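One structure is given below, represented as structure tokens, and several questions about it will come after.
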């Protein structure tokens, strides 16, 4: 059932100059937008919502995305009227906000084994950018501004590469060894006095723990580089290992991955960054600390701060939800979340027919679709009422099906997921290419979308 | 896609005697219920919600039910923490609650033209019951306890009959005249010194205004009876006519019909009752009035109160929503709601092919499906993605399609509704009997449901 | 108005052009022409109710309700403040649940029907009785309906309805109204130390008794000990044994079916709703024998045209919209959405959580009573019984004074007699209970 | 804990039996066996974070946030408190919107994609530019992205990025970070009486300038009068004209396309979000010429296999997950859900409501300024310009003292200089504005 665009329901052109308080030359002429009643809008968006697969609709095993259930109560606390404050308020008048931020900084520091945390980055990629900028500032501070290379494993998230480039670095790509981990010899070859940092995630994108992490850290530190931890896979390790203890100097946390804040169809997220003590002076400004005067908490600028990466203090409402999740679970709950996440991944892998070439994996595994096209496999899984895994990445596994069920799925649901995998595995290419058949929209023409982009209803009106 | 029962997902038997603080002979042995996690429940109920047609899903033209849009903000005010008070609190400590109730009593009195209002009845039928009990008390107070008949038009709501019977009255059924209104001769014949009350709705269930209402009121009052107004159709008259002005002595208001409180799949509603001054002493206890002491508002028992019809004060949260709706619309909005409701009914009727035998109707009309079975027509309309009208009632119209679009539908939606009516009108009996075909469930076997009732999962387990 | 102006109903979508087109289609020049109201009864006054923006309306309601004092309620006596998990609000507020009508078109209402079927199943499990309807208004009205049921189903005529002398006023008065149109007469039987005086009850029961009502726990929080004997007694005299309880109590206390209860009534919304000034959910369950006489709606499982399981309202010939004056009740709109919430809350707790919650109901009441009993001039509990959730205590000072002092210090308790107050532990946090005990000791010092 | 105890994650559904079965299936005795972590880096400490019930956690957060003072905020300067209609919360909170991932599987994400397409269309209408992406983080980061875009698309090389000297710190500093990895250098150009000093700007623009940034309204609430000239100037010098604004301002003020703007950035969440301590929504719109260089996600309309219209993320080869170090930005997670809210709020206002809201932005600011200007020792507005939403006033007393006094009396305003304060009318009700004016007159008396 097609839901018309708002513009197909109504378009009303309003003449702006009528009864305008401004002279004509300071105003636009008119504005043409849909003029609809609340009941019509309620139906429109209710209908749109029915055409979306969400975590409350079914399992969402997107590898490296950690799509876990978003506890409803966290919405309630973020919606408290007392959370609605302006960012330019005096520090004295927002002690509650500062306290929550302070406590969250503290929680995240403990969880990651980091000495100082900034909450400003509004997403994981922004967190990476802070990490890279902090590294730059650190090296410059030490008179080492010649360091212009960032080393990144081939199988890393695309954001790592893009962030390093945005930070002005040349990217040195690092191949995996036969077992799917960092190749130490290749690393040795890549490292030099030009190395600003090595960006790593652990467990890596194959779900494998980088067993040589201590040695890797030593190697990077020996050449004067910094070790960056991409927090995307932290859900595997809660309470069992901490990036700080592994020798990482800087890391970001993905709160929608690890701490169950909702992904909102793309965002907002938050990408707090934790650092070892030596990097604290370079963190973005301002941070929160306990105060000595009348107020309990205050803002301050770190000594050699890189400045800001967001106009204010990041995605506050998201940070509240992350804080609430951590405060709810505590040590025990967080550790259990990782345990169940790893159990679920291992159980699901054991129940499907597709080959899983690399192990022992933790919270996610990468299966291979073999002779099938992984993207087609994903489309066909939609027909079985489940969301497919991430596909075709990392490339080290042919036709990769990167699967992360998270801790929130029950055995029953995992069995249903496994049944969907296995059903699709038996199907022929013709069926896969025709998929999906049971979804709101059938397979969408991507080529045409990119060749002749229709990016607003304005061109649709002209073009159709 | 079938959603399993909770019991099909899990059943866990808990032995109650383990670690019990009570001796065995005061406790049950065990309790067997589903033990499921929050994510599983979120998915269960989200899935169930997807199998429900609601007002945000599409038009809902159920005649006599006035299914109008439920403004979202009314949910917010009902959810205010300050609304969550215990009914046995001291009056001094719940002045806010009492003030809101007092103001709502006042609003409703003005809207209905009534001198006093009770908010206690938890639904329309309970309001009717209060009306009947008040009538009884009034007559008894006047030494007229011989009055044992209540007159009700044949086309009235079933609750009128059931309520009169519950109140201990014999029901005298009143036929309509050829034009679909009260037959004054028949009324004359029915009235006697045994008449306790005449229950009437106006506009009546055909949507027709009882033009002779003044005369009817005189006739009833002449024999010493009371005139009761069933508020089901009040949405037709807001700001244009008031039951009190028409001579009604007592009325109930359906807040989910007239004041847009959500129907919640069956309830809760609220059925406040307004009365003329002479009946005020008989209203349920307690009511709210302005106080003279320290507090601004206080509870009091009317002098000859009939007592209570609810354990406490009715459906408080619903009353908040009704108050908020009235306060939002005010005089102008309420009058406009009726105007648009009447316009919409007239427009829709003008756009459909089915015959509408009685007019001039107001907020609703009763079309006839003619040779088609009205219930089948309704089932088939479901296939066109709209909710059907109320069917087969009132019986004065053969194969009745009782249709009430309410003011919230747009012309576009009414056109879509009309198209559905007209499409179904063209279809043959075979198609209608096979309908619905595009719904979550197909036509359901009612006979079997009643012959072999399966009323809990316990018998399903045994029986299947 | 500070936000966009409102003209007319903010929820009517008509543009001027649309309205004109519609009027033309119906052949009228103005909307007023469509009204067929005699001049004599036309209303040309004003209600005098201001139109407000949404923001102003919210502010108005907030400012009114802010006048309610913020008290920690230890009130109970049928209305409790158990914490309702957030997931219940979020799921029940989905507009498909909230804004749908009664399921007269089951093919597009399967989700709600299934939820109500699950609610019925929950009550069947809790009571052990075979039938539970999908809601009455509240405990008081459910009790009233039980009395009229008793009259209909009893094999011989009779008039006496026996209720405990402690029955709370709201229930008693509502019951009186429900039986006002029948030949039934409500009579009290005595209680002893907060429970049924079984000897006295036995004494008074005769063949004219159609129904005996008892509660477990009682209004004073005591756990009834002689239910099975009442069951035997009513069975012998062919009277209905109607038991008042609620889902939390039923999770732990004797199962009604095991003590011979024929009907169970009560307020099921102790799970699912926060304290709502008495808004409730009438629990109504009964034995299978009364199937055709049950008041209220019933959801049944059946099959659809493709033989898949489907749910539907069933046995509707009992109801007013079909049977009119011969219906089993006049109820139409009920509390379906509250039943949904109750089912959700129960599902959220699960059987372990429900039993735990109930056990805490015993432990916390008894612990607090013990603690208060140590204070000079205080006896708690006053009854020598096991307690559930709440208890009555005696104080040397006038109870009203003690309650008023407590209220000044932020706590609400019941005054039940000159020197008796009642205290409920359900809903309060451990910290609140501690603070209360502390405050109480200061107040009675 | 007062409610049911928690063992482990409350959101992991595993029963003991299930866990055992799963372990058996994977051939492990314990979950610990599944972890492949060298002893050297195993963490055997504790975080020391308590586990809490849901109720306790809610209480904790509430008690922390309650420490925020309840002030009427007249702050503005980019972050406003416009009333967000309730319908926005209710619809955006539907879990399908809230809990879905980026639309990498468009066939099961049509609803969100369509909503984002409508959001893009809203911005296209407001800006007059052909392309709007479906969100950056906020105004500051959008400005940073605009600078890197300028570097990529300018036909000749160049290094100078010109921004007004009044540019607020957060935007300036964020911009500096975004260009730190490039050859670009951020330079200030002067303002005059709260607006662009066009003569000075003209003076400094040369062929080394890649981008000129201006705002309308400015940070001080003034309406910029020489935008078209800036457009001409930048066109001549082949620099990008980047304009900062927001959806409310754009509803009334000159359309960016009409003054030659190449890119529009700003905070779109002035509609859709209440004040959220600076959480925003980066508006990013630009001319069609830059299609392949735009940062961020784009939703396009296409067809599905049955030739019905369908929406999809498109031109993804610009993005990091495909293009890696050659991507147009590193952005991945964006602010999609906020964009949804903004689209909903705008739709709820409609064009009439949006234009009205903007016009009130002019009237209310100017009315309040006039009112304050009558006070002795107060000049308002300080700039001889037309104003939008807010204005700067001078006070005789130290501004910090005035602001502190106001805060004590419940109002928050900006101190922008020793004797300058800035006051914003957006979001406050008429009553609040009245109270503020009253209070202000007492404070400066």
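Letters are used for the chains, namely A, B, C and D, taken in the order the chains are written, and counting of residues starts over at 1 for each.
Basically, contacts are C-beta pairs under 8 Å (C-beta built on N, C-alpha and C of every residue); 3 or more make two chains touch, one makes a residue touch a chain.
In UniProt terms the chains read C, D = glycine dehydrogenase (aminomethyl-transferring).
Quick caveat: nothing in here was measured; it's all calculated off a predicted structure.
The chains in contact with chain B and with chain C alike are A, D. The chain pair with more C-beta contacts between its two chains, of A-D and A-C, is A-D. Chain centres here are Cα means. That of chain A falls 19 Å from that of chain D. Distance between chain B and chain D, defined via averaged C-alpha coordinates, is recorded as 46 Å. Chain geometry summary: the mean Cα position of chain A and that of chain B are 49 Å apart. The residues of chain D that reach two or more other chains are 10-13, 54, 58, 85-87, 89-91, 93-95, 352, listed in rising order. Contact with two or more other chains is made by residues 12, 35-40, 42, 46-47, 50, 55-57, 69, 71-73, 75-76, 408-410 of chain B. Residues of chain C that touch chain A in their complex: 10-13, 15, 85-87, 89-91, 95. Within the complex, the chain B residues that touch chain A are 1, 9, 37-40, 42-43, 46-47, 50, 55-58, 69, 71-72, 385, 408-410, 412.
Chain A contributes residues 12, 35-40, 42, 46, 71-73, 75-76 to its touches with chain C in the complex. Per the touch definition, chain D reaches chain C in the complex via residues 2-5, 54-56, 58-59, 83, 85-86, 90, 93-95, 349, 352-353, 356-357, 429-430.
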